[in-house]
Amino acid sequence: MAKMTMVQAINLALTQEMEKDDSVVVLGEDVGVDGGVFRVTDGLIGKFGPERVIDTPLAESGIAGISIGMAVYGLKPVCEMQFSGFDYLAFHQLESHAARLRWRSQGRFRVPMVMRAPYGGGVRALEHHSESREAYWAHTPGLKMVIPSSPRNARALLVSAIRDPDPVVFYEPKAVYRAFREEVPEAEETIPIGRSQLVREGRDVTLISYGATMHPVLEAASLLKERDGVEAEVVDLLTVSPLDDSLFTQSVKKTGRAVLVHEAPRSFGPGAEIVARLVEKSFLYLEAPIARVTGFDVIIPLYQREREYMPGTERILRAARETLSF
Amino acid sequence: AVTASKEPPAAAPSTRRLARELGIDLRQVAPSGPGGRVTPEDVRRHAELQGRKPAAPSPQAAVAE
Amino acid sequence: MPRKEIELPYRVEHLSILNENGEVDKSLEPDIPESLLVKLYRAMVLSRKFDERMLILQRQGRIGTFAPIKGQEAQVGAVALLEPGDWLVPSFREMPAEVWRGKKLENVLLLYAGYNEGGRTPDDLNNLPVSIPVGTQTLHAVGLAYGIKYRKGKNVAMAFFGDGATSEGDFHEALNFASVFQVPAVFICQNNHWAISLPRARQSHSKTLAQKALAYDMPGLQVDGNDVLAVYAAAKEAVDRARAGGGPSFIESVTYRLSMHTTADDPKKYRREEEVEQWVRRDPIIRFEKYLLGRGLLSEESVAGIADEVQAEIKEAEERWTRMTEKPADPMEMFDHAYEELPPYLLEQKEQLRRELDAKQTEAN
Amino acid sequence: MAKMTMVQAINLALTQEMEKDDSVVVLGEDVGVDGGVFRVTDGLIGKFGPERVIDTPLAESGIAGISIGMAVYGLKPVCEMQFSGFDYLAFHQLESHAARLRWRSQGRFRVPMVMRAPYGGGVRALEHHSESREAYWAHTPGLKMVIPSSPRNARALLVSAIRDPDPVVFYEPKAVYRAFREEVPEAEETIPIGRSQLVREGRDVTLISYGATMHPVLEAASLLKERDGVEAEVVDLLTVSPLDDSLFTQSVKKTGRAVLVHEAPRSFGPGAEIVARLVEKSFLYLEAPIARVTGFDVIIPLYQREREYMPGTERILRAARETLSF
Amino acid sequence: MPRKEIELPYRVEHLSILNENGEVDKSLEPDIPESLLVKLYRAMVLSRKFDERMLILQRQGRIGTFAPIKGQEAQVGAVALLEPGDWLVPSFREMPAEVWRGKKLENVLLLYAGYNEGGRTPDDLNNLPVSIPVGTQTLHAVGLAYGIKYRKGKNVAMAFFGDGATSEGDFHEALNFASVFQVPAVFICQNNHWAISLPRARQSHSKTLAQKALAYDMPGLQVDGNDVLAVYAAAKEAVDRARAGGGPSFIESVTYRLSMHTTADDPKKYRREEEVEQWVRRDPIIRFEKYLLGRGLLSEESVAGIADEVQAEIKEAEERWTRMTEKPADPMEMFDHAYEELPPYLLEQKEQLRRELDAKQTEAN
């Protein structure tokens, strides 16, 4: 056991999987010699050489497209998009091929690739470096969309993603990258993809989130307890798609109230699907409208205004209280 | 009489609205709907038992019944 | 500090061996076993006849939209170089290449008749399925070739695509990645002069497509794509180079789409009949037949014999296909192959469809 | 007034706008000499010449990207993506530039472009030719997403889209292209973008849809009346984003019940947002869970299985009845 | 039917006029008005000093991440050809070009300090704002140039991008569209040898980037990008050609990024100090200064004077910027410019934010 940042934990997952399985290769812009612009792949090229830790030319569609070919060949490519705000350049490769080749070939070929990308705001970055658009991928049949929230679950989920026989988009909350350390066991640990987690028990209201916003959510849950005596139950989705609705619909049957939190723009965002599932599966138990605490439907502003854009603790608290007092 | 149950009652939001309008605690109402659901009728009946003036059924509630 | 020309490592050449009259340039004639020559001829005839048959089936409404290959049969000269472990990465106009590489005719029919099952490619050969988004499959070939190189294999990945595809960004990224990584990939551009209604000259302002290889310091060769000997020779050079670790190559195969773009297209809207006639005279099958007759590898009888044989082969495939489609396709299949394991919400949706179908069944009874 | 197909009505909109305003130009693959693969732009090149009706090389990002430049210059480009299944290749140009240049330049530049694309199934097409992924665009701040359902509203909406000062993605239901004719006035007609329409009044249940599925929806509404004596109210969104929730939330306050219909995959699809808005704005009026009748979360199958994939009349009827009898 | 070389209309040349010691090739020396020469020098010095100042501000935490331009100041030689109505289409490393074209220094600071307001470009000049997604802006230049041609204007659109950008599909599509439509676009690749940690040699397997123009039958020229005279001469040729209706051109400007990629980058991880030192000796400002001193257009005093002047200019801009940022940015602004008119749901969201801010205000009081 060692206390690690998320960056280190992801690096551990990559290192161990590469040690175990020589079909795992890492590729992307600056992932080799430079160790990635966030140092997530630091040291890998030294351990595994430039054929397995591949510095590619600057072309996202190229990176995704060759990853698909590699995966069909039998490798397990883990490609990096330097920021999620640039993975749109590879959108068609994911939608039209990664997601479809198993189906198109009637099961003859598989695409066991992972596309990693740091996402989300909070790091004083330039335009295009703070986006949260996981809904695009979650709406795409044939893909899986995973977002960890802590060093330990990032490591365990990435191991599962690498071993998954289908393509996984893996968004890493860059605001969490170095925000805190957590014990991460040296020994192998996996979390099944498509399974959410109860991270706090409660009976008054259910808070549902994933990724970077888990932290303000947990803070809000503590404050609700402290200040209002309210017991909030908290669900961490971990996988956005395939969405595990068993836990949160169960929880809302108990609490009757739900608050969803994500940085992504609100309209047609991930939260809407959670509302829809709740309406489908917990309808008769809903005591109040389900609140969505999200980014606004505008381009995320440059960093001077980012705090007001983001669904922070205060906004979550306010929404929970409104829901509770409905 | 029904004792207040700890379990939250099952009811559609529209039924909850009716209960709110009548000032009735849904947990006090005996459910008669499918799957133990409280229906608008249950709420009205309960209101009458409580001696409160039942609201005129809304048109959409009429359709639902 | 002058203004001086930069010497580049490659020049662009044009290769042609067999002319429209079936006359061969002896100095360039490739060394192809006689049986292979006849096999190539047979494959081209089969492709032509099958294409013609599909057009009839389409007009009868028995299959849907498809992309005829008439005039582009000499592409088999390129895939003839491939070994079973090699990878074929086709677009949507490589029926001849796919069939050469073991794709069953009934599967071709299934695909165009709207059956997912038509996507199946032979289990023992490395053929990717038909790829429709223009140009995008070229990158898959690079990834496959990377895999080969990584595993120190001797195989190659051969990608096909059209003249239109050279305009897509993915084509550029593929050639660049292939040359940077020096992987065993062979890019074959089927320049059939048209991308639906856009003539080659307006697809790119460049004199040739072959010269695009210069942008990557990659060998680029323009070849008469209706000359199966030249196609073979060009592909052999590229495949040999790739197998020997010499990296990727680009071949512009100059051919012509004699038929419509797809069966939904009317080429009269955008091209002159005279142009088509000019290219009819350059038919790849006729000149190759003349050549083989001249070499005594074919005779009038064997030509007729082959024609009969392929017609029979097509008929049998059609019969198998008809039998395969007698029962309506099972709709439940749409959930197969979505993922290796269906997640719960898809199991729910599958169950929903099952209930709907059962209800319909009950109503029908 | 003349009876027109949707193809003709769109052609009329283009023709009249081009006659009125020489900054309107049309571009795309095969839109010129060939008149478009669906003949939507037929005859335009003859009337307006190849500088205004531009046959482009085969590159979607190129088409979208130069349209952005044209729009910034002051033209009003109407570009065509041959099928919506190929517009993913231009995704980043729309997301990263069309949607942002006004904002990025603080209002100095505008991008008054329209990106047209035929979408949806039902025409026995090949793979990639039947998709319905409007949610991608609807979730993208800075864009508008419009989908007409009939010849007349297609014409009126396209005129508005062309005149709109912001970028509009305009999806045309190819299943409707030639399915029927409708009177379309010769004289100018517009429908404001961002406004939904009540197309049938009723008090028992609200059916909400747009585009191609409006037709099975209206059929289902008739059958509900005929067979069940049920009065269904029907809302045609016309604009998917900015989503006009005023009409349908009002309607559901009356009916208490809603059924949403779209071809797009269900999860994280457009319907989820409608559910979320209903929960936010009509919560206390909901008498039954909101039903989503949608495509399944798989790649839309080739045409032999397409009918069972699609949300047809029967499936809508069944959902409406379940909702009504809840 | 031989194997024969195809003659192509263009060759690739290298142009260099002013060497590292400030010696000029008289035969190539462009005819530039003396006042313009001094203006170019001053702009280069201003860019250098402002860049250095921004690095300090970044290290003090007063601005966020930015992309230093040190070593690439000779780019002003290209924009010097532009008239107000011409279009500048920059990437994110064209501060010198943008400032030449009227961008206020305080706006540069605002942008990197996280203020949306920094995106503002001068109202009276056609400069697009900074574009970050690599290579994608090249297409906008083509669209702008199309507009110019369509309106029969005499303007040009000049796009800047890096060596890394040449790998992106959009770069390829832009060059292809520009040459097919023969629009007045000038593409200037700032080959600064690095794309973050990837050296130019591994960005493309090609000997030069200039040769990529051959793929489009477009004139391509490689120029010493640290030689402002050569940059000017090359750009003049391209701009003149574009204005005269001669279509697009591609210029590879060979320069070097002397500093880090961005302030978040540590170049020691991937490149040797000796390489950097080599390029320090090729500094574009020093050699130009020598040349101007030699021609008597500068003196020791005027050099010092210019240095003082630009420092004062920077200081004043910084003061204006400081004043502009004294009050915190109004968060409500994030809704401005989303659309020309805010749709109802955005008005609701704006109202929500207003309420939140008011509540916070109340709590604070």
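Chains here go by letter, A, B, C, D and E, matching the order in which they are written, and residues are numbered from 1 within each.
Operating definition for what follows: contacts are C-beta pairs under 8 Å (C-beta built on N, C-alpha and C of every residue); 3 or more make two chains touch, one makes a residue touch a chain.
Source: prediction; values computed, not measured.
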By the touch criterion stated at the start, how many steps lie between chain B and chain E on the shortest route?
2
Those chains that touch chain D and also touch chain C are A, E
Which chains, if any, touch chain C and chain E both?
A, D
Look at the interfaces A-B and D-E and say which one is made up of more C-beta pairs in contact.
D-E
Farthest CA centroid from chain C: chain B
Whole-Å gap separating chain A and chain C, where each centre is the average of the chain's CA atoms
39
Rounded Å distance, chain A centre to chain E centre (Cα mean)
35
Expected list for chain C, residues touching two or more other chains, is 116, 133, 136, 167-170, 173, 176, 180, 202-204, 338, 345-346
Among chain A residues, those touching two or more other chains are 57, 59, 61-62, 85-86, 89, 92, 96, 103-104, 127-128, 141-142, 243, 267, 283, 286, 297-299
Among all residues of chain B, which ones touch two or more of the remaining chains?
12-13, 16
Pairs of chains, among all present, that meet the touch criterion:
A-B, A-C, A-D, A-E, B-D, C-D, C-E, D-E
Interfacial residue positions of chain D with respect to chain B in the complex:
203-204, 254-256, 283-288, 326
Per the touch rule above, chain C residues touching chain E in the complex are 1-6, 8-9, 11-19, 23-25, 28, 167-173, 176, 179-180, 182, 202-208, 210-212, 214-218, 222, 224
Interface residues, chain B side, partner chain A - complex:
8, 10-13, 16, 35, 37
The answer for chain A against chain D in the complex is residues 85-86, 88-89, 91-92, 95-96, 99-100, 103-104, 127-128, 133, 135-136, 138-142, 241, 243, 264-265, 267-273, 275-276, 279-280, 283, 286, 288-290, 292, 297-299
In the complex, chain D residues that touch chain E
25, 51-52, 54, 56-57, 59, 61-62, 64-75, 77, 92-93, 96-97, 101-110, 141-142, 144, 165-166, 194, 242-246
